[in-house]
Amino acid sequence: MELKSIKKIGVLTSGGDAPGMNAAIRAAVRAGFYYGLEMYGIYRGYEGMIQNDIKKLDSKNITHVLERGGTFLKSARSDEFRTKEGRKKAYDNLKSHGIDALVVIGGDGSLTGAHLFYQEYGIPAVGLPGTIDNDLSGTDSTIGFDTACNTAIEAIDKIRDTATSHDRLFFVEVMGRDAGFIAINAGIGSAAASILIPERKTPVETLVEKLKSRTKARKTSNIVIVAEGGKSGSAQEIADKVKKHLPYYDIKVTILGHLQRGGAPTSFDRLLASKLGVAAVEGLMQGKYDVMAGLINNKLVYTPIVKAVVGDKEVDEEDLRVANILST
Amino acid sequence: MELKSIKKIGVLTSGGDAPGMNAAIRAAVRAGFYYGLEMYGIYRGYEGMIQNDIKKLDSKNITHVLERGGTFLKSARSDEFRTKEGRKKAYDNLKSHGIDALVVIGGDGSLTGAHLFYQEYGIPAVGLPGTIDNDLSGTDSTIGFDTACNTAIEAIDKIRDTATSHDRLFFVEVMGRDAGFIAINAGIGSAAASILIPERKTPVETLVEKLKSRTKARKTSNIVIVAEGGKSGSAQEIADKVKKHLPYYDIKVTILGHLQRGGAPTSFDRLLASKLGVAAVEGLMQGKYDVMAGLINNKLVYTPIVKAVVGDKEVDEEDLRVANILST
Amino acid sequence: MELKSIKKIGVLTSGGDAPGMNAAIRAAVRAGFYYGLEMYGIYRGYEGMIQNDIKKLDSKNITHVLERGGTFLKSARSDEFRTKEGRKKAYDNLKSHGIDALVVIGGDGSLTGAHLFYQEYGIPAVGLPGTIDNDLSGTDSTIGFDTACNTAIEAIDKIRDTATSHDRLFFVEVMGRDAGFIAINAGIGSAAASILIPERKTPVETLVEKLKSRTKARKTSNIVIVAEGGKSGSAQEIADKVKKHLPYYDIKVTILGHLQRGGAPTSFDRLLASKLGVAAVEGLMQGKYDVMAGLINNKLVYTPIVKAVVGDKEVDEEDLRVANILST
Amino acid sequence: MELKSIKKIGVLTSGGDAPGMNAAIRAAVRAGFYYGLEMYGIYRGYEGMIQNDIKKLDSKNITHVLERGGTFLKSARSDEFRTKEGRKKAYDNLKSHGIDALVVIGGDGSLTGAHLFYQEYGIPAVGLPGTIDNDLSGTDSTIGFDTACNTAIEAIDKIRDTATSHDRLFFVEVMGRDAGFIAINAGIGSAAASILIPERKTPVETLVEKLKSRTKARKTSNIVIVAEGGKSGSAQEIADKVKKHLPYYDIKVTILGHLQRGGAPTSFDRLLASKLGVAAVEGLMQGKYDVMAGLINNKLVYTPIVKAVVGDKEVDEEDLRVANILST
């Protein structure tokens, strides 16, 4: 066991930012201090690791960041880290600081990077699931997902005011390139007439039938939630198709876009990020390498990164069943 | 004077909905009750007037509506009201209910309708400025404008989290087809790098220069606010042009869209709507017809509708000057 | 099995209101319609059952209630329902409407009422956990708890602005008469210096030592979260005691109070309430009587009411451990 | 004229913090940079001036502060600044940094300090009205007032959920020691049954009569807003008195307290603070000393500090009249 060897941990965020990343950084750093470790911030993800944008963190760096969206360590894409040469530079920089382990917060690409790096250079890393998309296995919920769902429903609540005032049909596009998790939560939470997700193909005819039957039931306003990565097309494309079938309808499209990534994290995400941040450091201290820390059934679980990023997380059939009952 | 004749007042909302419309309806209805009048809700604007969708209101109808976005009287376009026949039907319906005056809450088109109707049929009407665009003269602020500005900055605050985390350039399109009021308030309120409004032409070169100079000053993230009706094109079009000049920049576009219309009204809009709702009824009782009630320098003013809708409200030069100083 | 017999279900809310109650009512009613049942609203809880304040619900009653705090069916205490005579009246009223089953949404007292009623009169009932306190067994989270935690942290985020600006010590009292769930979530989520909960006794000396050690670590502002039912006294009492030990400190007390009960439910509570509302009706149809529907590890579970209300739900030791690490 | 002499400006916040203070600091500092001046942050108000807690500010210090509540320059009471010796020390420190003018953001006490200091040492100062209480003359609205009103109505909206669900009477105490501005805005904005302000004495009997008459009109829930400095006593005291007259009523009291001071500033406060921050620096450059910058009827006005702090700002009679009509 190399447990004794870990004295300096580097923390980085990578990929799309997610609310709660700051809370996770803070928890990891604070846990490090609790156990007498030195903690380093690696700025702008792997790119900063290559550029040697690395600074020792003290207590002041993590004051009043818990409640802020985004990531104060910043995030960036790094094409260079995909090359052998890039990773060599990154490794050399870590060694120059004496950093002997990593906490990597991000989505599947970011965690895969940590895995590769561990394979090549033996730098122990614990990954944390930081993405609003909730598309990582090994945890019931990723850091940022709950906040994104709340941002979405708050926006849709506002759109509903207008939909209802004008008896309109709104198509609202939410984030989720490969996964319908936000769409399902936001759809059930906003009494959507229909929810279109990447995991299921919904023919336009089916959607049109549903909207017609709701009109008969005198539901005069309707909101349809579309996950951006849906197989049936973008919200605008689907709206255009529906318009042909329902020409008398006043149809509008709103794309929530990047505002779903930001904002103060919710209570749930703060708690999740706090627990996982501590778990990342404790995991490293216990020799748990090349894993992602997550909460499953509210229990801490370390899953090998290769399993976490495999992309087999499925939407809850029960959620879809309930969504259907409630929108009929 | 026909003051004694007013015993039954009809209230309607028309055009795009705006937060605070419900508060204005409530205030008018409650003021009517205070003065012993009968109050009628005309649903779905002029269309409902033609369709005779008119109901007597009681205290219960206006309970817990003050704080809600949208309009519980609903709003709709009415092509038929643009015809002589349509207006004749509308008049007959009003007479059948004995309604002898109107409170019309909406934007320039809605108020112009009230003016025409007064010219043709002598139905006294007081208009209230209900639109998020703030493009009516005769009032410093329209009902809904303050809420829309706050909705915009709250959304942009979230977008900034991502912009900062990734050192990105965001173009955010806000509402304002003919008027840059929301753009200016949201732009100053969100530390925008630049604000593009319909009233001013900003060459792409000027914008690019500004962004370059800010990059030199090491402002790594930038937000540009674009009013939807801007002469320089949509946010997406401008972004595309800027991208050609600054190809290395990571540029994103977000269109806030209809969520700016909804939401619980702010304190300011509740107070404004409450005062104007009372003023509408008191104005009618005092024989002030064919006018719009507004607040100028916090004093109640009745402006002839024809003057209010003329579209000559100008943006505050001082605001533009301050915006420039703060973004340099 | 009496499965076929259920044709009319009465829904009521009872006890302190909680955000998401409306979403749960809506889901139950909508599920009832889906299965072809008649649904009745029993207003003001058991009191309304005795007063025969019972109305058949249609689709319109549950439009736009999902996103609203409180309960449109209202809630009330009922001393009379504690008497045999009261319950007899209540039963007679149910029978007069032909109501043959109940969905009861509320806390332990409300569910116990449903249990008693089932024992005495055989009226099948499924209870739903509707309380911000999260003190019911048989579900990981009660409806309203997540919203209350978010309301608390949003308020504390604001208080922190002042605490930090003035280097002050704030005692913030949150709800939780017998349970520290809100206090723990809000405490971790707001980087509290200490969290005082009913389940643990924290001597003032321990608290004072912690505050002193934080001062040494130059954490100049501090927030202490106190659950209202804490054994160590109210927030004000504890503040007064601490003041004696730390007279130089500028100490303030804020009691969040009833605002924690209200507000639009969060995404989590909307989803939870929606799933449980459907589960209540489906449970009754499947002959699951005298039980509470809950979600444990995201799976639907029906727990006998007598077990759900026993009050043995424990705070998560891991949460307390993490809270301690993060505040040290 | 000493216009040329101003090259280094110190900025401080003093007294109770208010949302928008950061936006005002940022605007002043940015305007200073625009005009080529050096800008200094004086931390913890006059206390920091005495302790020489003064740092030169650069662009980075004011990045992402606009949208944050509180004041990053911090605020503190200073008993020592009330002494000749204290002010002498403060002056010496300013001179040691070469600071030749001040921007002072705060309430009446803070501005009076700037006035005294100018009288004694000739240090030019422009004050900015930074207080949620809106009790300064020379400006229609103080920085922070609009945000505080919005915070209050958002909290009261939540309390109303519970009030309505239980048919309760709530007394909500808002800030305002000498002034009823927040109470009036929050009261009208939340459909309060009655508003008790320091400027008017409301006998308990009058309040009880109003509540009785509303009960007759079947308004089953009621909210009474009480400004903390009301002549009729605290919210709790008034509630206790009312309880004696209306023993059957379920009465609750909530004190909003310090959460009214914090939070992200509203659009209005960001714009106001931005304009006044620029005006402070430009005023100093134009030789406007010993004045407070404010906006009256949306025009920039410099008022002698001695006039601004005199405490003669009156509540709007029209607001009170409207409040009465709407609550009857």
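Letters A, B, C and D mark the chains in the order given here, with residues in each chain numbered from 1 onward.
Basically, contacts are C-beta pairs under 8 Å (C-beta built on N, C-alpha and C of every residue); 3 or more make two chains touch, one makes a residue touch a chain.
Because the structure is a prediction, the values reported are computed rather than measured.
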item	value
Number of steps on the shortest touching-chain route linking subunit B and subunit D	1
Longest centre-to-centre distance from subunit D, chain (CA-based)	A
Intercentroid distance (Cα basis), subunit C paired with subunit A, Å	28
Subunit B-subunit C separation of Cα centroids, rounded to whole Å	39
Centroid distance [mean C-alpha coordinates] between subunit D and subunit C, Å	36
Junction residues of subunit B, two or more chains touched	157, 160, 164
Touch-based graph of the chains, sorted into line, ring, star, complete or other	ring
Inter-chain touch pairs (all)	A-B, A-C, B-D, C-D
Sites on subunit B touched by subunit A in the complex	13, 16-17, 19, 21, 44, 68-71, 74-76, 151, 155, 157-162, 164-167, 170, 252-263
For the subunit C and subunit A complex, residues of the former touching the latter	26-27, 30-31, 34, 59, 63-64, 66-67, 140, 146, 149-150, 152-154, 157, 160, 164, 185-186, 188-191, 217-219, 264, 266-268, 270-271, 274-275, 278, 297-298, 300, 316, 318-319, 322, 325-326, 328
